[in-house]
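Quick one: structure below, then a few questions.
Residue numbering begins at 1 within each chain, and the chains themselves are lettered A, B, C and D in the order written.
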């Protein structure tokens, strides 16, 4: 099974024995609740799946792992930059054809009463800018394309 | 006594006020925008009225509509909470003109304190020390012209501001113009007023604020301090009382200065006078908030005074019920934000699929949300406040750590882990809390201190749950929530 | 300092102690019977060990097994909580003999106070007033013989008793034999000892108890009183501090008597000296509980002392951390029981399908259960405690009422509505709380004060939900829970 | 629809209009949550079904209503007395053939560490006693029969 994580793509195939799963010497009991056993100690865990993302809580830590569905398009970034949440475009600071570097601010949008910068997620040349100043954008809307 | 209060607010603070009303045997009327339908505060009210319109201006900021609802529903008073219309003198005046009781200070006091420049001038006149800086009357040009005389680093602040909106730190003259533009734009959007002013940025200072209560019977008292130095994006995240930096002598000095500030504007009700306390021990007036404060619970837990209940008493013309100041033990509040601390505290949204707050000794939980609620981008991302009390600061930090470890929120990113690490951080444990501490400690942004065992455990849990089809009924459609991993850099610059 | 504590208990009090351990940076080890697997207290522990065996005697009362687990898991100490082995001197001795620290008073002190007859004699000798009555050495015959000299109404109490088990009120000589048999049988089952003794039943008295702390450095202090007069089946349901019946002079008298009682047995740790306070203002020693008490939170909230944390300190040989007694405001605790108050408080079972405790200002919730948990007949039906604090008694009652109104439990019958009505009851509001008040107010049993609008609303909700198929995924099989309406009389005699 | 309630059998057929139900001038909106409207005021309600019993919470009141399934055997008491919870029989205070009156104590059982009386739910003659002193009984087990 493959997951997108903050450290990149990770593959894991836990061993299964009935309702008990294991890997790296850790055991997980999957019943109506989740109990993880490490070195003889048991820890309560919580998990829920939202879309393709598994949310996990264990020992005060919350993590998210995006399941990469086999056969689905790679989760790798393909240069499309989308709005992280609904909001309004306040400034557009780049032009089509412009060369940009990773981290460079390309747009400013307002959401949740705060301003947020939209920055380039790769080096490249801007192919498209899909919104103008003042536009309302939906969550997930593609804002620009870099190639 | 008041009979029926309209609460002109939403979320956590509306819940707080509506509960206080119920405990005072006063009826509480909630108003809510369509997108707040069915949320917790509408449930806690005796009567809930839906506001017409969309967007803040047509709903929670719609003075006329709110006053009409109050009148149509037999309310005798309006409590504004914090934010929204709470520091709008014109609204306070309109409420009074409509024959209703305004649960707050007079419009004059709000005006004098709400305009940060006027407040600076008033305080200077009353002998309360203010931060070196410049009041600006004009626009961008004047800001650019006056900045050099204040010197860098400096702070741009919205004249009508609050809550960190329209506030920008400028460390270098090169950034002044763009930051000033951004500050003015944010100020305009947030407060309908784009004026900003300039203050010296006092590096390494603590944010100390004094809680004030004043009734109509001539009594103005302070209830000790709160230290709210730990801030991100100029918004407080971790607040405590008492402050490690104050001894009883300094507390009395600052308390007296705060009472002086309140008396200077004939203040009435609950308010907070904010100071910066420099490493040298000088304190400067920052501003006065003429309303209940987000972090009021830490004062309540240390002093035993129910501040919202006292607001209701004072507004009804009753004397406040509290006796002489008696502070006991130590209280800490942390703010639960829907935001990603590993991504420059960018606000987050999502459905609270699992939401299990901690309970037990010394724990208070003031929330605006419940499990199953949807966090939307429409409002402030503060969802709840977790407050602990313990006999000592050391015990309070350990208790907060315990409570945060028990707190489970899945389905929306929050700052829980960031807050948890703060409780253990040497600078916090030692009390070296200053307003610049988050930038100082994590100049390149914060990331969770997570060992590989935890990560491996997380992956085992995710993969096993996937393989076992765990909790399948809970999953929602993929389109509802976009993956947070593909759209943003890990470190938002 | 202690390093690793085994908590020899379960449920709510195990959670309380395990949280205290975490806050003291001490590891907590839980032990649990198979039928407690996965419950909240096992989750809060650092290490959870399953007990072999079935039934109380083989599990939570199995001294040898518990001590072996402590030794095998590197524990340095055992905290017994309340109930179970907490007042078993032989267990305390066995713990000490095993080289572990016993978090409680010496076995000698437990013996002297645990045997209610010895305690009476010890207290009489120490000059503490005791209730008129007779100690009984023999069995049923002696009880029958001595009862007339005590006079009716009288109270039969288990010599090794506590928690109302083995306690019976006898108002008429005709009932003496059957009640004595029942008391002896219950005592045998609960404590392995069928001895009972006889006391005069002091009608109209209040149950006042004084909290005691004593450390190994020669300090014995009291932390004021709790009034626990509101009882059903001789078990407390509603507890408060301070008591309306005490002024500071009487508090000092009773506090001093309690310290005297503690000193008489060289007491160490946390304990409670219980008194009956008659309408005339006389007080009589009832018994001393040589352990933490269910209702300890009200004292914690009023005095600001963390009693369980102090137990850990004292057991480690550290001086207690609390300063001079300072009582502030008013605290009330109610006990959430899985029981049917409309059916003579008969214990109930079921799955907590919906379990939403209240939150907000002044509310503390100490629970042993969570939503989704199963309430079984294996253990005591107390599920949780709801505690509120407010500046005054009147405000505390209103706050408790508000909190109980917010409290939703579906799937298992509880006493929430009964507690809610208590908060409004004139006798409670006026402070006329006496140990016989529930029998006095509801001689024919309690029934909810529910108007027809509420009933009609309930029927509309049930029928509409049925018609709409609301929440279908939640329903469980019919066989799991038997209908409560077909098997029992509405009023259990 | 018929329900067994503490006040006896009650029949109710709410009017339905989409997701809104009404009776006696009250409106109930059944969505992901339940909101009841009385005289223009709205109250949050909670409900869940366990077996045949609807558990309802509204305004601090908790109620239970047992649905009488059409065609099912009447929920009326037919003289069988069953154990309200698992426990142990401590005493049997009646004999087969004995005449008993409603409310008379017939057995004492122990459950949850307390003693509970099992009393006659009708006047009649005891037909059967199915357990003896010392027996463990399951929840729902038939204890006696009266006719």
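Everything that follows uses one rule, which is that a contact is a pair of C-beta atoms (placed from the backbone, for glycine too) under 8 Å apart; a residue touches a chain by one contact, two chains touch by 3 or more.
Please read all numbers here as calculations on a predicted model, not as lab measurements.
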Labels of chains that are neighbours to chain C and to chain D: B
Gap in Å, rounded to a whole number, between the CA centres of chain B and chain A: 29
For chain A paired with chain C, centre-to-centre distance based on mean C-alpha positions, whole Å: 50
Computed distance of Cα centres, chain D from chain A, in Å: 51
Contacts with two or more other chains, residues of chain B listed in rising order: 356, 405
Multi-partner residues of chain A (each touching 2 or more other chains): none
Pairs of chains in contact (touch as defined earlier), listed by label: A-B, A-C, B-C, B-D, C-D
Complex contacts: residues of chain B adjacent to chain D: 38, 42-43, 46-48, 372
List of chain B residues in touch with chain A within their complex: 165, 182, 185-186, 189-190, 233, 342, 346-351, 353-354, 356, 377-381, 404-405, 408-411, 413-414, 416-417, 420, 448, 450, 453-468, 470-472, 474-490, 492-493
Of chain A, residues touching chain B in the complex: 1, 3-7, 10, 12-14, 16, 19, 21-24, 26, 28, 30, 34, 36, 38, 43, 45-67, 75, 77, 81-87, 90, 102-103, 105, 108, 110-117, 119, 121, 139-140
In the complex, chain A residues that touch chain C: 31-33, 35, 40-42, 44
Parts of chain C lying in touch with chain B, wherever the complex brings them together: 15-16, 19-20, 22-25, 44, 297, 300, 304-306, 308-309, 321-322, 326, 328-329, 356-357, 359-367, 370, 390-392, 395, 398-399, 402, 405-406, 473
